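So, here come the structures, one by one.
The same chain A turns up in both complexes below, where it pairs with chain B and then with chain C.
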Partner chain A sequence: MKIHAYPYNDFVIPFLIGTVLLFAIIIFKYVKWIRRFSDEQRKVIRSNWYSWKIFPAIWEMIREGLIHVRIIKKNLLLGIMHQAFALGWFLLIVVGAIESRDAFFTMQHEQSIEYVRELQQQNGWHVYNTGEDKNPEYLNQRRYRVETEGGIARIEYKRPFYVGIFYRYFVHKAPASFRQHKAYSDLMDALLLYVFLGLTMAMVKIFWSKILGMRRTTKHTLVDRFAKFSLWMIFPMRLLAESVTACLYGNGGFFTQAVGNLFDPMIVRGLETSVWMLYSLMLGVFFVTMPFTRYMHIFTELLLIYFRKIGVTEGDKKTGYTYFELNACSRCGVCISGCPMDKVLENHEIQSVYLIRSLRNQERVSRLKMIADNCLMCDRCTVDCPVGIDLSSLRRMTRDKGKLDTTGNYEYLAKKQTPFNAIGRVAYFGGCMSHLTPGITESMEKIFNAAGQKYWYMDKLRTICCGRPLQQQGFLKQAEELRQKNTEMIEKSGSTMLVTSCPICYQSFKKEYNLNIPIMHHTEYIDMLIKQGRLKVRHDDRKVSYHDPCELGRGCGIYDEPREVLGAVTNLQKTRFQREKSVCCGFNLGNTKLSLEEQTAIRNASLQNLTSKPVDAIVTACPMCKKAFQHATNDYPVRDIAEVVAENLIN
Partner chain B sequence: MIDFGFALKQTRQENLDKVSLEKYHKLLELEPSFKRCFQCGNCSATCSARQFTDFSIRRVHTSFRRGEYDGLAQELRKCMLCGKCTLVCPRGVNLRSLIINMRQILDETEK
Partner chain C sequence: MKKVAIIGAGPAGIEAASILARNGVEVTLFEKSETPLKNLQDKAFLFPNFQSAQEIIDDLSGKLLTDRITTAFGVDIADVKWQGAEWKLVDSKEQTYVADAVLIATGYQVFDAHRKEELGYGIYKGVITSLDMEQMIKHGKILNANGDEPKRVTFLQCVGSRDEKSGNHYCSKICCVTAVKQAIEVRKQLPKCEASVFYMDLRMWGQGFEEMYRTAQEKYGVSFVRGRISEAAGTFDGRVQLKSEDTLMGLPLKMNTDLLVLMVGMEASCGTKVLGKACDISGDYGFIKSVNPHLYDNETGKPGLFAAGTCKRPMSVSDSINDARSAALAIKDYLDTIKIEN
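This part shows the complex of A and B:
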């Protein structure tokens, strides 16, 4: 004969409904999105989903999903707040599950009939007999009495998955030989306190976000606020429920017991199941709202990291991956603090977090367009995003011009395109903007000559645009046409390498073209020449500050080469916002909505950073940035790296 | 080849009562900086597309201002949106935005 012992109380129902709905909705959504993956993305997933790439993916899931390393590095307090919620709650669930598993294992081992009786009477467990001589009459009843035949009965403890969540209620008194009981309850209390630490910080953040290193927090919608409230209430409710039980039965840890001792057992006795019901209700409400609010990020983030790590990338059109990206955003607002549009222009509506929300909630088209168009595309938010969402691609996608984007517009280019035989030479592409800063192109020619490198200045007379400005504004077909023209020209020439002076073109050639020759920005190229000893330069005694152009730094990750070149020819000063944090010069081609006055305001902020320490010159590596700063100041000479090197050449 | 000979040009008389400036005013709403334009032609002088073909952005926006919209949509497609015009404009007119808006307005009213 067997005795089955099953912990159950009606208060678990809200929790169960919430869980079932949550997973049903999430799985439904995920299947829908996965079906929308493009063929290319499917191919990548199919060939990589079970490869070694899984390990770095899992590592990043732990690092970013739980520990939040990226936010901690940026700002310790903010990181700890996020970590407390994610890691704290995760551990509460995991440790709770392990604790209940251990306890049940001990119970099973003890086989104590008195203990079962106690569970049945005090904790309301369902205990019933089964076996060969099972009585059908018993089985139809809700509650059964424990009956043993002369004390020989095997007790089977059932452990439904919710036991870990409501453990303190279902096990008032730990089984006699479960010695770790006290340690477990203290550990669980410590974890709860850890979550409370995060909760407190989150509340402080609402009123005083600066203390957590955020200039400004996200403005949330009503639904999001409601979900946040239900999330926040889960933990106080858990504390209340556990301490009421601790008050009555003395099974709490150091924290819940201390709180529980404040209550009067006579008063709280009748309230026990009610407070547990409240706790369960909060969990249920949160779970149901989760798939429809920003908290959808909890699971989506992990999947996004997995897909990204195995090599799925964003395309030009909306795909299933886009949905994962949109839903992986937790609206943490980290993207807001760095945004120059927010910082300088006090525009609090267009940041990436709002773009994503607007896309996800399918807000009005006019509003969406307003948000999508008004952005510098400086990628400042992309480097900050803790989940690594490809924010610029999302924005570009939203800018799609539809039927304005026509084909066959650039037939006229072919007429004056003269083929050039440049076999064995380096092709030099100045770019449109470099034609407005002849100093850069002249210096580059000087450098080529000094290094004894034969080159072909392919757009000396007339430039075909690289196509990126069109691409950024959503004219994809038109951009493709320009790319074809340039590709044709470069491939026909037979040149061995492409050097470009403009970071905009550089990023385009690097990411949007399929050229089969090496592509270098002139900072990389000069760095290579100096290291190879082909370029002799002297070191002068000027002090300069370097401005990282958006497209070169954040866009292509070229931070070190320019610094090494500058280190070789002059004295480079550090600035407050440099490398990933550099402030856009305000004239980025990504934005068409900003007026000159607004651009100027951003530029001045950027300039202020560069001149915060006394310097003799401002150096940059982009004709656009150079032009922008040149207009701004007469106090400092503005130079391109190529010009600084050309000035310091030893003939 | 450029023909330097003399020819009779068609008269271009405008009936100012009939010219509709509706589109121009809409453009000004979308891109107010266009009001500042004094038609110096710097934009055309620096234009990348102009180095290849007979395309003058100054002529296009001047026609737009006058309410002569024929053929402008086709002409505007030649623009590569590289942004040199915006950078050299002495009056701070946001030409890239102007061009996109002109295309949008012309496209909307084409139907």
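This part shows the complex of A and C:
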């Protein structure tokens, strides 16, 4: 004869419904999105699914999904808050599951008929026996007394998955030989306290975000706030439920027992299942709201990190990956603090968090365009995003002006083609903007000559734009036309390397072209020349500050080369906001809506950062930035790195 | 005897000083540089009558030869403060002077053309400013970058004025007619050289200006093109290539020229900005703000502190001198009122 023992109480129903709905909806959505991946993205996923790339992917999933290293590095307190919720809750679930597994293992091992009887009578377990004929004789659930026939009975403890969640209710008294019982309950309490730490910080953040290092927090919608409320209520409810049980049966850890001891057992006795019901209800409500609110990020960000790390990238059009990106945003608001539009212009509506929310909620087009267009595309938010969403691509996509496309505008390009024999030479592409700062192109020619490098100044007289300005404004098709022509010209010339003076062109050539020769920005190129000893420079005694252009720094990750070069020729001063924190000069070509006054305000903020310490000159590496600062000030000379180097050449 | 301090020995400062001196006021004339009339010395001829700048310099300098005027040249006044009963002036060496009234006539400086890098000033030798051109005219040596006689000279209006990007939205007022004047001079000195002027619109506001503009076209064959020059580039033979748009024809334009003359606008001078800030009378773009442009244009809102000339806004030499005369009268009135109060 076999006795089955099954922990069940009606209060688990809301939790069960919530869980089933949650996973049903999530799986439905994920399948839908995965089916919308582009062919290219599918190919990447297929080829990398089992490659070594999954190890860094999994590592980052743990690091950013649970530990939140990136936020911690940026802002310790905020990071701890996020970590407490994510890691704390995750561990509560995992440790709870392990604890129940261990306990059940002991029960199973003990085979104590007295214990099972106790479980049935005190904890309301369902206990029934099955005969050899497998015809279960279902016995009166609650009043059944477990009888053994001739002392031979095998007790089979069933462990449904929810036991870990409601463990303290179902196991009032641990099995006799389960010695780790106390340690487990203390550990679980510690984890609950950890989550409470995060909860407290989150509450403080609402009223006093500065203390958590955030100038401003995200303004959430009503649905989001409701979901947040249900999430926040889960943990106090769990504490309440466990404390009541601890009060009645003394099975709590250091925290729940201490709280439980405050209650009067006579009063709470009748309330026990009710408070557990409340806890389960909160879980259920949260689970059901989750797929429809920002909390969808909990699972999605893990998948996003995985896809991103195995090499999936955002394209020009909305794909399945886009949906993963949109849903991976937790609306943490980290992108708000750095945004110059927020900081300088007090525009609190257009930050990437709101762009993503509007896209996700499919808000009306006019609002979407307003958000997408009011941006410098300086990428400051992209470097801050803890889960690495490609925010600029999302914005570009929203700006897409594909419908305004006019074809046949590019016939003149054919005439512009002047095939040039530049075999073995370095092709130099100054870029349209560098033509407005001839100081840069002149200096580059000097540098090529000083290094004895034969070069082909490919856009000296006739220029075809690299295409990025169109790209950034959302004219994606038109940009492609220009790229094709340039590619053709470069490939036909037979040049061995492409050097550009404009970070905008540089980013375009690097990311949007598919050239078969190395591409360098002149900062990299000069750095290489100096290190190879091909360029002899002297060190002057000027003090300069360096402005990281958005397109070069955040756009292409070139931070060190310009600093090395400047270190070799002059004295570089550090500034407060530098490298990835650099403040856009305000004249980024991604701008479509900002007025000159607004751009000027941002430029002045950037200038202030550069001149907060006394300097003799401001140095940058982008013609756009150079012009922006040049127009602003009579007080400081504004130079490009190439100019500073050309001034310090030793012939 | 009442004492008046005048800061800036330009046309305005000197004219006001001489009128006040003639009216029995003791004047101290401060000037940052060692010689007076610095800006005027850069000029060759003055529009619209092509009078030699030197004559005006001589006449104005002559007015200083009176013992009621004390000149303090090479003194850089850095601060002006009201001290109960009189104004106290402090120079950059911390020396102090006192006066019953102060006239600020610290003038203008020209826009630094390096800031419009796309026009290539300081990069291509063929790109010069209107000041450089004035010097060439003065010395009768209009030469291109290679030291030869130019075949074509191109003037570009509104460099650093009416220009949103450089932050100077205002019209500098005198450059239009100056370009016409210089173009005529170029044609007079080099009859074989072409002269053209790129403009946004020509503002011939003064007496005789419109006639000059007409003469330039009819008699001297100066061509006027409506359009701004977007960029300048050097050519291998030391000339300058311009990219522009002729907005009347609606066509893009590319041309080579020997000399590109940038008509740089007037900005408030350093001294104007410093004193404007120190006395809290600074207005738009660092110029000094008068109480009322119609009736109280020399008053600054601080009793005993007056302003005249181009420290308030761009002005021609003649306007500046007229403004100084009205300032002298306002100061005289002020000195009379405090005499009665005392």
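Before moving on, here are some points about what is shown:
Heads up, the rule we're going with is that the second predicted complex is superposed on the first by the 636 of 651 C-alpha atoms of A that agree within 3 Å, B and C clash if a C-alpha of one lies under 4 Å from a C-alpha of the other, contacts with A are read in each partner's own complex, and residues count from 1 in each chain.
Following the convention adopted for this analysis, a residue touches a chain if its C-beta (ideal position, glycine included) is under 8 Å from a C-beta of that chain, and two chains touch if they have at least 3 such contacts.
Note that the structure is a prediction, hence the values are computed from the model and not measured.
In the superposition on chain A, contact is made by A:Leu482 with chain B only, not with chain C.
Applying the stated contact rule after C-alpha superposition, one finds that A:Leu596 touches each of chain B and chain C. Touched residues of chain A, counted separately for chain B and chain C, are more numerous for B.
Look at A:Gly439: by the touch rule set out above, it reaches chain C but stays clear of chain B.
After overlaying the two complexes on the shared chain, residue contacts for A:Asn634 are found with chain C alone; chain B is out of touch. In the superposition on chain A, contact is made by A:Lys626 with chain C only, not with chain B.
Shared contact residues of chain A with chain B and chain C: 435-436, 596, 627.
The touching residues of chain C, counted against chain A in their complex, run 112, 114-115, 117-118, 120, 122-124, 164-167, 230-234. Partner chain C is touched in their complex by these residues of chain A: 435-439, 442, 596, 600, 626-627, 630-632, 634.
Contact residues on chain A toward chain B in their complex (touch as defined above): 401, 403-404, 406, 409-410, 412-413, 415-416, 432-433, 435-436, 461-465, 467, 469-470, 473, 475, 478, 482, 587, 589, 592-597, 624, 627.
Within the complex formed with chain A, the residues of chain B that make contact are 33, 46, 48-49, 51-53, 55, 77-78, 80-84, 87-88, 92, 94, 96-97, 100, 103-104, 107.
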